[in-house]
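Report on one structure; see the data block that follows.
Chain naming follows the written order as A, B, C and D, and within any one chain the residues start at number 1.
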Amino acid sequence: MLLLIPLLPLAGFLVDASFGRRLSKSIAGGVACAAIVASFAVALAAVFRLVALPPDARAIVEPVYTWIASGDFTAAFTLRLDPLAAVMILVITGIGSLIHVYSTAYMQEESDGEFARYFSYLNLFAAFMLVLVLGSNFLVMFVGWEGVGLCSYLLIGFWYQKQSAIDAGKKAFIVNRIGDFGFVLGVLLAFVRFGSLDFQEIARSAATLSPETTFGTVSLITLLLFIGATGKSAQIPLYVWLPDAMEGPTPVSALIHAATMVTAGVYMIGRNAVLFSHAPATLTIIAIVGAATALMAGTIGLVQNDIKRVLAYSTVSQLGYMFLAMGVGAYAAGIFHLYTHAFFKALLFLGSGAVIHALAGEQDLRRMGGLRKELPVTYWTFLIGALAIAGVPGLAGFFSKDEILFRTFANGHRLLWVVGLFTALLTAIYMFRLVFLAFHGSPAPAPARPEHPEEEEPAAHGAAGHGAPHGRHLHDAPPAMAVALIVLAVGSVAAGYIGLPASLGGGDRLAAFLAPSFTVAERPADAVERSVEPGGDREAEAGEASRGLEWALMTASAVTALAGIGLAWIFFVRSRTAADALVARFPGVYRILSRKYYVDEIYDAAVVQPIRIVSEDGLWQGVDVRIIDGAVNGVAETVGGASAWLRRLQTGSVRAYAASLFVGVVAILGYYLWR
Amino acid sequence: MFDLFAGVAVIASLLVIAQRNPIYSVLLLIASFGALSGLYVLLDAPFVAVIQIIVYAGAIMVLFLFVVMLLNAPHEMTEEDIEHPLAIVRSGATRLGGLLALALVVELVWALTRHGGESGVFGNAAVSSVAAIGRLLFTEYAFPFEVTSLLILVAMVSAVILARREGGPDAAPAGLAEPDLSRAPAGTEGDR
Amino acid sequence: MPASTTLVLAQIVLTLFVFVMLLNSAAIMVYVERKVAALLQQRLGPYLVGPKGLLQPLADVVKLMFKEELRPAAADWFLFGLAPVISATCAFAAFAVVPFGAETTFFGLIPEGLRLQVADVNVAILVVFAIASMSVYGIVLAGWSSNSKYSLLGGLRSSAQMISYELSYGLALASVLVVANSLSLTDIVNRQAGAWWGVLPRWFVFLQPLGFLIYMTAGVAETNRAPFDFPEAEQELVAGYHTEYSSMSFALFFLAEYINMVTVSAVATDLFLGGWHGPFLPESLGWIWFLLKVAAILFFYVWMRWTLPRYRYDQLMRFGWKVLLPVAVLNLLVTAAGVLYFGA
Amino acid sequence: MPTLNDYLVLSAVLFAIGTAGVFVRKNLITILLSIEIMLNAVNLTFVAFGRALGAADGQIIVFFVMTVAAAEAAVGLAIVIALYRHRESLNPDSFTVLKW
């Protein structure tokens, strides 16, 4: 049954990939959507079966086959569904389905072949992501891990005639490689340390250890794994690929680079919660990195002008939040945020996609404005998304983000809490800057063509048929898109309530549901108190002790959100001059921010150039040309000389050959007669 | 009787390879085949003898004759052969070949005669009835028989393809190759 | 004198007799040919030499004998001489295995019965077939050695034609001997003795009508007779393979052609028309029946020649390969199936 | 009355003649003819042995050999014709380009 979940999208991929060229758009898209929706249905069924089980035994294990069996080491290709995986597969297949549907409308302008190619990639991605989530050991997870990396590369570079897209794809792939390197090392080390790759066994044997006070093996393992996570989930220092990944089609950005793939790192940490919770040092690092990423990305997001890049940086910063939560040991909160974030970030991306679609590929905020009238559906859904991410009370984002902040504070990381709060402020500001610039105000007078064409989407080129980019008769999102938008909007309002904290009268059911995943399945007696259990005892203790504190923090974050919105309103609606004045006040800061802290430049100087020099002058000119080619050519020349001499034997005269053969006959016959 | 046929066969064969003119070679070979079929008769294998005539003399040799006539085969050792770059190699191979053949015959005869060989007249009763042969051919050797038919088909097609002139319809030799080829199964079918 | 010697003597005599008779038959056929032609063309034909021109063939022979033997300078003299000999030899040899009468003691002239047949071979049919296939060489060599394009074309044509039609020929024979379940002509003939329901003679022509037709057609082609007489298609090739021949060597070809006709007819008689078996006559006089039947077939040949126009060469080939051969194969298969079913 | 050995010796001689022909002659057609001689020598051996053993198998093998010979002759001659068209020569040594 579990096997079906990834298998269905794979089938869809195979169909589209093999016959896509000959299929019409409707069929190709239909196949893909059908595959993913069916997979969603199966996933639902599976989750229901899971919920039916008793809480402490909630796991469905389905061995597929023994993949590797060498010596005493066996890696089984086994799928395992536990609460954590349940949440993930629902997010992946559910939101995945919505985005598939949305794409059928969004990619309409592509030629049939391209269309099919797009959907085949999308399905392949879903399949790999599900493998990643359902895998019961590191090896299977790694398969999915690499697979999604590949799909992300393919989809970022989907418009392969576009140089910037190709570069972005390569960048994403290479940066991910660096992360994967760490990941693989971590896995190997874990295998050396625990003699197994199965999550359960590792957790079990890890639970017997005492948390490392110093920086030991477990810390190293977890750190390496975390490096992999930073690669996938775009954390400092490896976040640079995500903003460029916006070169891909917007739905892809929504699915892969906001909702699902980038959260793989978070998931991976959650999956190995027990392991990580035994490495406090790593946890601290994770928390700090997460907070820093959140802050940095937030600040950059303030000044970006490309609508999608703003969202990209907000994604990075939200991911930072999740890592912060993981770092402070609030795994449930992190996953909770992951889950709500999937909704509203997908919503925001799809909304921006609708805007771009409507504006025939325009992505520059400065050329938008006053779209509220033309695109009501988009506007309202987008607004909901913005409110949700900004953390306005009552919407999904509020609960999850507040949960994280509360946990951070409660676990005594005051500084990180401040950073998180400030980031929340920033979040509110840049999100609403986006909203105001795009939808409010007066339509900016703009040239028909944007100045930097590499930022516009060929997909929307066809949409230019809808009149000039800023023609006043813009069409709102077509039905397929609208449906996706609305559903997601509802989601981003309602999604939060399953994680309603006890203090607000909801018994934090998600945390309770997830709890078993973050502990050892059947807990050894001595591991009871060691296994960090955020959902459980902390919740209880928080229940009596800091109910008041929680209330205070909640109000604080709520106020922050509203304040941010207010600031945004002041700057970008009431008096735009104010913003410019501010920029004029601190030009240096603005430049630094708008140049993203020069990170790309630094990396280029520090990493790329040295490597290039070494490989070109050293390896290529030196090793390859001199040594290797020299050896090869030398051998070739030797052989050539020898054969030049030998070939005299080959007269080409058939009878000469026959004669030589016949000599043998006579000789052998003679020999046998002689005996 | 045996000596007569054997003598004819050997002398004819020798002349075959001694002849300069291919036509004569072909005719002499036919003669030697005739002698061989006579030997088959002596061996109480009249059927084989007749088939020998029909298939070899009547079909295969005709094919050879045709080709010889068609190419109007040039007699050997023309100037261009003499100053051929490989003249030395060739003559060397020739001499060597002759010697080897000589060595072979010596070896074989010696091998056959050194222990007195298979002396004595044929003891067992001969199987000369066509019916018996046919029965054996279509029961025990049915599969090889079918395979040979396949072989014939392949040979026929390939002959046509090979001899066809580039472009135009297949040349005369190919057209003539067909009948002779299909004759072989016809010959063996004759005994059903 | 001892019986064996008499037998041998008788055998020798018989052989010589057959030889002479064949020669005569050729001569007779020349006469018949011309007479029948005249009949069909409503003219008189030869009538000067002897009564009703009966001696015409003799005159022809004499003429041919006294003609000068011409030989092209460029010809390969040996083969040029050899070719007619080969055809004539084949023609005679083929008849050797043909029985033309029941065993007889010549009215007690010799101690024990003697088969009216030069040589009794148990694979007689195949021998006939083999010799027929050999007779190609005569023509081919004649065509090639006389070093003239007409001859060469004629030779190539005729041999190609003979080879093509030998297939059908062989298959027709095969179908007969499947029915007869023997390869010996004598056995085959004896299997045709008697009659069904007392009226219809047990001739294989009634069991193998198709085979008979195929045999006759192929036979015509084998003997290069009209309407298949391409080797000497006058309009196209002057006289085909014997263009360059004159005098006796030409006579030999001439002879060979007619003897081949006789042989084909005789074999047809033995295979299909019950050989010497016939009503009203004692076994010992069966050879009369035999001669009658052969004569009928020969007449049929001549008749055809003077009635039908000549085919075109490609038509001939197409007919041989695409019509006659498949039909023959089919016939053989059907026959075999029938024999298998009715148990012969 | 000839013995089996006589037949075997005869076929040995024929076979040797054939091989000699293959080497001595410089005419593709004659070489093919020589090959036919060799095949026939083998046939003779088969029939002789079959006769000696009183089995018909020897004769049957001969049929197969003949079939093969027919196929070989047809294909070989077709090749000869193709070569001749290409080179106006039947000398095997003038077809020595297939090297180096």
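Some observations on this one:
As a working rule, a residue touches a chain if its C-beta (ideal position, glycine included) is under 8 Å from a C-beta of that chain, and two chains touch if they have at least 3 such contacts.
Since we're looking at a predicted model, the values are computed, not measured.
Counted by C-beta pairs in contact, the busier of B-C and A-D is B-C. Chain geometry summary: the mean Cα position of chain B and that of chain C are 29 Å apart. If each chain is reduced to the centroid of its CA atoms, chain A and chain D end up 76 Å from each other. Here the spacing of chain C and chain D, counted between their Cα centres, is 34 Å.
Inter-chain centre distance (chain A to chain B, centres taken as mean C-alpha positions): 79 Å. Across the assembly, chain A contributes 651, 653, 655, 658-659, 662 as residues in contact with two or more other chains. Counting partner chains per residue, chain D has residues 19, 22-23, 93, 96 touching two or more of them. Taken pair by pair, the chains that touch are A-B, A-D, B-C, B-D. Touching chain B in their complex are the following residues of chain C: 76, 79, 121-123, 125-127, 129-131, 133-134, 136-137, 140-141, 144, 152, 156, 159-160, 163-164, 166-167, 170-171, 173-174, 178, 183, 321, 332, 336. Residue ranges on chain D touching chain B, taken from their complex, read 1-10, 12-27, 29-30, 32-34, 36-37, 40, 43-44, 47-48, 50-57, 59-60, 62-64, 66-75, 77-82, 84-85, 89-91, 93-94, 96. Those residues of chain A that touch chain B in the shared complex are 651, 653, 655-656, 658-659, 662-663, 665-666, 669-670, 673. Against chain A, in their complex, chain D makes its touches with residues 19, 22-23, 31, 92-93, 95-100. Interface residues of chain A facing chain D in the complex, by the touch rule stated above, are 647, 650-655, 658-659, 662.
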